[in-house]
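First comes the structure, then the notes that go with it.
Each chain carries a letter (A, B, C and D) given by its place in the written order, and its residues are counted from 1.
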Amino acid sequence: MNYLEQVTYMKPEMLLLAQVVLLILLDLFSGKTIKKQFDNIACGLFIVCSVISALPANTGEAFGGMFTTTSMTQIVKVILNLGTILVFLQARVWANNEQTKHKRSEIYILTLSTLMGMNLMISAGHFLLFYLGLELASLPLTTLIAYNKYEETSIEAGAKFVLIAAFSSGMMLFGISLFYGAVGAEGLYFDSMSKLLSATPLQLLALVFFLSGLAFKISLVPFHLWTADVYQGAPTNVSAYLSVISKGAAVFALMFLTLKLFGNIFEYWQYIVAALIVLTITVGNLFAMRQTNVKRFLGFSSISQAGYIMLGMMGIGTGDPMGMTSVVFYLLVYLVSNIGIFAVVSVIENNSNKLTISDYNGLYKTNPYLSIAMMLFLFSLGGIPPFAGFFSKFFVFMSAANDGWYVLDFIALINTVISLYYYLLIVKAMFINENENPIAAIKTDGASKIGLAVCLAGTLALGVFSGVYTGLSQFAY
Amino acid sequence: MNIPMSFYIILSLIMFFCGVYGFITRKNLIAMLMSLELILNAVNINFAVFNRFLFPGQMEGMFFTIFIIGVAAAETALAIAIIINVFRSVDKIEADELKKMKY
Amino acid sequence: MDTNLLIALIILLIPAFNFLLLGLCGVKMSHKTAGVIGTTGLGIVTILSYVSAFNYFLGYGKVDGVYKALSGSFQWLSFSDTLHIDLGLYLDPISVMMLVVISTVSFMVHLYSNGYMHGERGFQRYYAFLSLFTFSMLGLVVATNIFQMYIFWELVGVSSYLLIGFYYTKASAVLAAKKAFIVTRFADLGMLLGILVLSFYTDTFDFDTLNSTGFQESLKSVGATFMGASVFTWATALIFIGGAGKSAMLPLHIWLPDAMEGPTPVSALIHAATMVVAGVFLVARLFPFYFNMTPEVLTGIAYIGALTSLYAAVVACAQTDIKRVLAFSTISQIAYMMVALGVSKLGGHDGLGYMASMFHLFTHAFFKACLFLCAGAVIHTIGSNEMDKMGSLRKYMPITHITFLIACLAIAGIPPFSGFFSKDEILVAAFEEDKVLFFCQWFVAGLTAFYMFRLYYGIFWGENKNYGEHTPHEAPLNMTLPLIILAALTCFTGFLPFSELVTSDGKAFEIHTEWIVAIPSVLVGVIGIAVATLMYKNKSTVPDKITSSIKGFYVAAKNRFYFDEVYMFVTKKIIFKAICGPIAWFDRHIIDGFMDFQAWWSNALSFRIRGFQSGSMQTYIGVFITSILVISAIIIAYVLI
Amino acid sequence: MNFLYLFVIVPLLMMACVAVSKDATTIKRIMAVGSGIQLVLSFVLLAWFVDLRSSGVEDAMLFRSDLVWYPDLDIQMSLGVDGISVLMIVLSAIIVFTGSMTSWAMQDKVKEYFLWFLMLSIGVFGFFITVDLFAMFMFYEIALIPMYLLIGVWGTGKKEYSAMKLTLMLMGGSAFLLLGILGIYFFSGAETMNLLEIAKHGVEKSAQNWLFPVTFLGFGVLGALFPFHTWSPDGHASAPTAVSMLHAGVLMKLGGYGCLRVAIFLMPEGAEAYTTLFLVLTGISVLYGALGAIAQTDLKYINAYSSVSHCGMVLFGILMINKTAMTGAAMQMLSHGLMTALFFCLIGGIYGRTHTREISQMGGLARIMPFMAVCWVIAAMANLGLPGLSGFVSEMNIFVGSFQHPDTFHRVITIIACCSIVVTAVYQLRVVGKIHFGEVVNEHHKELTDATWYERVSAVTLILFIAAIGCLPFIPMDIIDDSLFNMFPAFAN
């Protein structure tokens, strides 16, 4: 066996590991000049490594099936990398603010560590690796959430996250242990287990416990309750990371797990998933309607978006590549739109420290470009053509309909109306509402501008130009 | 004397639900953390027992247990660090203090 | 294209062109130019009409002793292979006759208006509307099919609306115009439905086809009925409703008295001579169909006509507004024509009623126009419609006086004026068919004579009134000339050999005076005049005594038997208040409220469930673990069961 | 390249020009010229279409071209027009042109206003030129969303509420619609979103039973189908003039057009099964809208309810599924589009001067602004179905066609719908009498001026077309018939 070749399957993870190590070393040992340029170095390094890891590579199984890659796993990793770059771009102002400037290197190191955890989760072929990936993805996140330790909300969010995450991983482990008892005869490899799965009550019990852990990460109702609090409390850019990358990774992990492990008992839990989707979309919408804090609002909005993502998952059971493509595409679109929104929120927060929706009143008068960008992102999330969100929504609906989930589609569609309502509330605040003293004109920093531009380009182009979707669908299975 | 597997499982279940109960009812953050350890240890017992009784030919359960213990330690360390931060900011480590953000 | 059709086409196009010219460029023209353009146009139309009539009646129209129709059309709107609206020209005795009537009266009115409307604001607009009306009315009578008729039917309705509301700053005029339009529109709905029903079962709109005997035979096999009556009964009755609306039959007459708010020449043209007889014309046009397919409807028409004529005559006796008296007299006279049609049969001498009806239409047009124009001259000089303000005008307005008298005699049925001949034929027809109708109409004839002479004496006799600063004077030439012409026509048209020209089957027949009818009819006219002379020629207390003795009846008659009030109640109180208002409320509060309710309950629900997001970590965990357990229970139950 | 693309590209170019231009006058000039070009293009299309047809081209759709868009999902950018769509394009071009002219007085945020306005027009044109369900749906939604901002920012009265309500209700409708589209896609088995291909395959009969009502409702909401019409009064009342024009004039036609092109064309059996229900609803729309209009006192509300009534007539005609009634429905779309645009144009003009839309606060305007009054009377006459104007021909087609239906129920409901012509007369004449005739109610109104040149241009343009359709109905009708024969071959015999 050629172990070296197997290691190349792990190219993205290896690169991330190398980056983390390198950055730690730099942080520890470099001189002042390098420290000053730390942001640029970290970003540059990450971009370079992302490009390298995006290059086509061999796919296959490594370490006896513990680690598996396919083209699709590589693609989703690239997507996550892209999202992380965008988050980095918008995070620079925050990273360099007076109170946290001295420890800004940690942001990059921790973020990259979580990213590595996520990558492992996605590629895992064994429960142990999956568990480790999950923990690696959530533990550093805790510190990022509680990063603004001078702020009570940040600490509260951190405490909530760490305890609930630990609890949920406890539940998940309990589920894994039951799985082990039920079908562990040939070890905890997904391959071997999936052959033994037969939907006995014990296995299903294990399944529910196990999936609750992932549902927690995706923030499906009723495992979502931490989401809004944490999003609100965490630093804005971390919220962005949580809402897109962390959630996306969990979705991808679930997707691959479904395919690798739970596919043949899908029929037993699909109704539960359908019920959770309905709950998720509806509850997310109902809560989002009445929010006043933008970040909290986005938290609930992202809960409801998670429901739509899961809608695409409903089509995975059919074996039609449409299901997987639509999920990945949805996430990609959601990624650019949501990160875009967070970028705008973060720019505004950094400059004016204002975070309630009513503060946004009359924003268009003073900051036309930011408001327009924000509006386009919101429209994209709301599923308005010709922005990408329309297409991605259409495709997940199509994917669910492909499997005959028309009623589910219908409920979700009605919910899009509610979601449009609250997205329009923000648009209304920015464009229609009058304000005595609106947020003053803001000069957006260059990095955020680049990030916003990329997000905008993605939002505008992803749907209209079908290449991305078509490309994805070639690798979907 | 051979103790049947179900005894171990019952024990682990009791531990698990004690942990859950404790997690929900304890107001002190440290106590909650301890409850969490109970849950994780229940899982550990499960793994060890299943491995020992059902699949004696392999070591997967045992390894898993070791990893869980390791990760749990890291988790606890992090949690405690954050709890210290909580204590710094509100002078208490009651869970009820952490209710600023709601609705 | 046939020359005769071409002439007819030109007759139609001139007013249409005038309308566009005056309507679009009128603002830029002087009053005089507009008047000249309008009048000249109509003059040409009149000449052409006469040429057309001459050609038709004395020339090509008569083939083998029968008047045949000449028609030409093109397909304008195709509904289906068989159903299509054609626009065309249909020349037969009645339509040619109508061309003459319309163009003559219209020309007179155009001429007259030069004086009457002199200096009015919107003079050009007035002429434009007159042209529009003339065009529409001409189009109506030459329609080849019922749908074309309906089109022009609507157009005359609109021109009537515009002309009644000519003084648009006057609230009463606007209301009257609206009322006229809506009441006739309501009737038109009946007509439209009738057309729809008819076309559904006959698959044609064409008059020629509908009236042909063979086609009617083929329809007899259609046995469809609706609520006990044959569908054709429904169809023709509904179509008649349309006619009744335009011709102001009971109970759809309420608009006509109010329509007198329009300028008087307009009343003369539209609401006396031409448009209001459209209903009669419609029934006459479809007469063979009515007679062969649904004779019961014809009987109904006769009775409605009789009732209307009686009603209108009684009411006319109690009115003081001279134009309203004339309006009710018009209603009454049109009802006469309806009665005549109702009692008529088809073919030869049996078709006497048909002929009489058309004859009366013809004569009535001239003398009633004359009456209206005279009334206009009077109003023009007095400045009021009320009889109280008038009296002994014969000294000031000799020409008006004489012409008015001639027309009055004509309408009273005194020989040798035209009214006598036509009315006499109607009475004969009624006498032969139905004695009840005859006595009714005979009585009405007396009443007619009475109220017309009441009017005559009220205006031209009686004591001198104080006219204020300016004494009344005779109208200028361009107003008196039409009066003279129309009076002359009134004198002579009675002698036209109508039974040879306009008959139900196109064949000429002989008429001979029925003395048993003629003598009583003249007698009752004379009695009416005599009574009126006694009561009104000089001031006397007799009328007051009579009115006070039948006070309740008199008040009711003066108030037109409260028809308007009933309508007002139905529209204002029931339709507006009890239907539209509630609908609007229902829409805003129930339907829209339901939509708002969706938003409301979403919001309320959102408020209700916020307790889950309590901020307490332990609640979250509680929900977390409970959900796991519940889901597990469900999923395991699902597997086990 | 397909000629039809121009209808989307021209507004896009206009958007670009508007976006870069600096001052309001330039923008307005761009709008006038651009929409003028579009108007010309639409007539070129019409002429070209007629020419192709007369030269014997018999394809169901002309100017067909397919651009593969999402090959995996069989989604294509399929363009193609038949007679009805060509006429709708002409209608849209007219109304976009007159709408831009009417907006000449716009002062506030001119650039943004016209950008949204153009986006709206892209949606409208796009909808009519495509024959692909997905693309149609996309353009449909593109047309909806600008309404929110156009009403919300530039509207009057309780604009935010109205804008939100309008947007959400229409989006609710499109939720039904999307479900219908997905159903059609999967149950036709044609593996394509292309309408024509699906029509060839047919949709499974059992599925039609639920797909038809869903689709019809989806489009029906935009067509102001009772009881989903309540967005219309509020929305129109709050919208700025040109937006009302475009919305009532064209956007509501998307509903009728969609019902015809998608719901009934693809699912005739489903339509058969549901006609009774929907005929009752549309019948209610027709009469209820008219009766509701009587009780209103706000000019825009009156016109909005009138639109409910007239658009109900469109759906009513379509549901009859016979040639005459459907022709009438298509004609009614044209006719209602033009006359309602004219109404809104005039209402906008009057409101801009008097600052009120309450009919009780106006009177005698005919003396003050004769031009507007004349146009108003013409519009009212068209609305109540005066022969010679467009309303008559369309309504008569619908009535005659509907009454030719062999089923008694259809005829009875036709009679009920016919009653609306009286009610229409009542409310139209009431308004004319109240606001234009009579004495001047408000002394201040005496100083007001008559229509400005741009108002005259739009009003005259609209009246010209109203009269043209009214006098020469056979021209559009032939074009419509032709495409109906293609859609429903059964009509040909």
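The criterion applied here is as follows: contacts are C-beta pairs under 8 Å (C-beta built on N, C-alpha and C of every residue); 3 or more make two chains touch, one makes a residue touch a chain.
Fair warning: this is a prediction, and the values are worked out from it, not measured in the lab.
Taking B-C and C-D together, the pair of chains sharing more C-beta contacts is C-D. Distance from per-chain Cα centroids to the pooled protein Cα centroid is smallest for D.
The distance from the centre of chain B to the centre of chain D, each centre being the mean of the chain's C-alpha atoms, comes to 65 Å.
Between chain B and chain C, the centres computed from C-alpha atoms are 96 Å apart. Averaged Cα coordinates give chain C a centre that lies 36 Å from the centre of chain D. Inter-chain spacing, taken between the CA centroids of chain A and chain C, is 77 Å. Annotation for chain C: residues touching 2 or more other chains are 599, 610, 613, 615, 617, 621, 625.
Residues of chain D in contact with two or more other chains: 168. Across the assembly, chain A contributes 159-160, 163, 167, 171, 228-229, 290, 421 as residues in contact with two or more other chains.
All chain pairs that count as touching, in label order, are A-B, A-C, A-D, B-C, C-D.
Taken together, the chain A residues at the contact with chain D in this complex read 321-322, 325, 379, 384-386, 390, 394-395, 397-398, 401-402, 406, 409-410, 413-414, 416-417, 420-421, 424, 427-428, 431-432, 466, 469-470, 473. Residues 159-160, 163-164, 167-168, 171, 199-201, 204-205, 207-209, 212, 216, 222-223, 225-226, 228-229, 268-269, 271-272, 283, 286-287, 289-290, 418, 421 of chain A touch chain C in their complex. Of all residues in chain A, only 127-128, 131-132, 135, 139, 142-143, 146, 149, 152-153, 155-160, 162-163, 166-167, 169-171, 173-174, 176-178, 180-181, 184-185, 187-188, 228-229, 232-233, 290, 296 touch chain B in the complex they form. If you check the complex, the residues on chain D that touch chain C are 165, 168-169, 226-227, 229-231, 233-234, 288, 291-292, 294-296, 323-324, 364, 366-367, 381, 384-388, 392-393, 396-397, 399-401, 403-404, 411, 414-415, 418-419, 421-422, 425-426, 429-430, 433, 436-439, 473-474, 477.
Across the complex, chain B meets chain C through its residues 20, 23-25, 95-96, 98-103.
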